[in-house]
Amino acid sequence: MIKVENVKKAFGPVTVLDGVNLVVNPGEVVSILGSSGSGKSTLIRCINGLEKLNAGRITVDDFDVSKPKDLAEARKRSGTVFQLFNLYPHMTALQNITLAPVEVLKRPRAEAEAEGRALLASVGLGDRADAYSSQLSGGQRQRVGICRALAMKPRYLLLDEVTSALDPEMTAEVLDILAKLAAGGTTMVFVTHEIEFARQISSRIVFLEKGKLLVDLPTAEFFAETGGLAQPRVAQFLSKMRKD
Amino acid sequence: MRYAEFTPFDLVLLAQGLGVTVGLFLATTLIGLFLGALWGVIRFYRTPVLTQFITFVAEILKNSPVLVQLFLVFFGFPAFFKLNMTPVNAAVITLSLNTAAFVYVIAVSSIESIGRDQVEAARVFGLTRWQVLRHVIAPQALAFSIGPLTALLVNQLQVTSLISVIGVMDLAKIGANLNLRTLQPFIVWTVVGVLYYLAAKLVATLGARLEKRLRAHSAFRGL
Amino acid sequence: MLPGAGRPGGSPPPFDPLDSPVRSVTVKPVSLNGARVRLDLTILIPHLGFLAEGALLTAEVCALALVGSVLLGMLVAIARTSSNKWIGRLAFAYVDLFRNVPFIVQLFFFYYGLPEIGIYIDAFTTGVVALSISGGAYASDAIRAGILAIDNGILEAAEVSGLSKRVTFTRIVLPIALRTSVRPLGSVLINMILTSSILSTITLNELTGQAKIVASDTFRPFEVYVVLLVVYAALTYLVSIGISLLHRRLNRDLVEQVS
């Protein structure tokens, strides 16, 4: 269980997260919606310990990310996929995937590689294991990025606007894989602009506005006139996103 | 084994050595700046043959050891051209040409940084090549090249120490003499090193100050 | 005299303005050479083997010093990017000092100074050590720039996947930084080749040292040093081509676009 309790985060004078509470249970797919600058990405970066909290507490399976000795355990339980892929440019796709399992989990190299190849095959990149990041398209890079996160066998997958840097065709490639993962029961926290897709795969949808968590509802209720849409800010956001 | 303590007069010697170093540095810098800029202008006018020749000479000077250049001028020239060459003359000739070669390279790259379209625009307005150089290129190129020139001069100041090898009584040579006389290498070379260090820092500071001023000036004019 | 290998044949001590080439100029009977008007490089042919020995020594010194300065440069670059304030300052002081003091002063400091504290090493070793320390200051700048240029997102990816600082550094930061700094490190090498000529002043007969001997033996300093200039220029030119090839090869995977 990921538990976010009354988290506050400010960059200098700008408050980005202002008392956010959120619980993600195993098996859930939680999508985080909100306009740019609402703090969505920062929330993900707080959960994986890339940002220090100003107040509040975040635990991943009871490991407190603010405590240095817990952070490593918390990080082992979550895997992050980045907006800009952040693949290691000097390594092949397979090396990107196997580095952490071998170095952190101390898996035998041969095993890690076999699993890495299987992962690549499962995302349709079985023949690109030896390609470098620069030799892959954006969609392919992001699929490698997903494999790299999955290779650590995380209990929670944190996805930070993973399709924002991709064109529609490549976006479809990546969403396709995420849909499969969701159907397979992977727990995900999904920061996104893809509203329709979020609607399809999410069990719950959370709406952030100016660092505050305005709405946290099961998907069907979120899109119901009497539920999320009853909030003017949510209705405004959804209609604006659909227009774009 | 001769052995002699330091004497107060050694300070005078060091000051003299520093004076020779700084004096030769300033003289060769001025000559080098003038020659290098002149070569840059020759290239700007696309003077055939001469441009290629200058580029070739500059490349050789840039890519060979200054020590060997000094040996060529000090030992080679007198033998081949049958002329007299004092260590100081050899030092001035070599260091000036060496500085000029690097100044030339900086001049070329800063002229090129300004961009052909600006030059062409100015030419379209009927400015002569000289007017373009004088009013469009030179002010910008100067502001652009102060940084690289400062780095070059900090380096060239250190390069002057090589003239001690052909017997010029500069700071390094005074150091060598004191070293042989007192047999206190750590003290001697530390003091000499510190003096060179301070001189280098002075050059760097002056360069940075000049750059700041020139940049402020050109930024103001840009508005 | 101070320790240090003397030149074979009991020639004068190092750093003597009246070194043999000077005498070749002043003592030379002009009447014998009066007829010479043009450049005659054939006189160097018998000495090519001797010069080649010097070139080999230059290559050895520079190869060892290159390794030394890249290793030192890596350590110093790590120190300079370290979060410990004092380590960073110390590393900066080293770089600042060795970049602003002439190499010949550094060299004499080591050459004459080390025996004073009981360290007796030959001219070759002294030369390699001095070039490594001086080159290390420049190499650290190149490597540090390579480290600082690494995309922060890549480091975050490594961090969240739980890689230790050590593994992140050795497997990700250093390999990327070394690749991107191939060109600046190449400039360090070229500079080192040129600087190594100064080792002739501590009796090390590398290329320049051998050439000095040839110049004084043949009484033809002009021919010898003209050729030497061209040889050094050609040598550094070849090295720069090699560096470009290496750079392209190592960074192939970083720049190649989708086929």
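Observations
Just so it is clear, A, B and C label the chains in written order, and each chain counts residues from 1 on its own.
Here is the rule we go by: a contact is a pair of C-beta atoms (placed from the backbone, for glycine too) under 8 Å apart; a residue touches a chain by one contact, two chains touch by 3 or more.
These numbers come from a predicted model, not from an experiment.
Shared contact partners of subunit A and subunit B, listed by label: C. A summary of chain positions shows that the Cα centroid lying nearest the centre of all protein Cα atoms is that of chain C.
The chain pair with the larger count of C-beta pairs in contact, out of A-C and B-C, is B-C. Among the other chains, the CA centroid farthest from that of subunit A is the one of B. For the pair subunit A and subunit B, the distance between mean C-alpha positions equals 57 Å.
We define each chain's centre as the mean of its Cα atoms; on that basis subunit A and subunit C are separated by 50 Å.
Chain centres here are Cα means. That of subunit B falls 21 Å from that of subunit C. Along subunit A, no residue makes contact with two or more other chains. Considering their complex, residues 48-50, 72, 75-76, 78-80, 82, 84, 86-90, 99-100, 103-104, 132-137, 148-149, 152 of subunit A touch subunit C.
Partner subunit B is touched in their complex by these residues of subunit C: 2, 15, 17-18, 21-22, 24-25, 28, 30, 33, 39, 97, 100-106, 108-109, 112-113, 116, 190, 194-195, 197-198, 200-201, 208, 211-212, 215, 219-226, 228-230, 232-233, 236-237. Residues 151, 153-154, 156-164, 167, 171-172, 175-176, 179, 253-259 of subunit C are the ones touching subunit A in the complex.
Remark: subunit B residues 59-60, 63-69, 71-72, 75-80, 82, 87, 154, 158-162, 164-167, 172, 175-176, 179, 183, 185-186, 189-190, 192-193, 196-197, 200-201, 204 touch subunit C in the complex.
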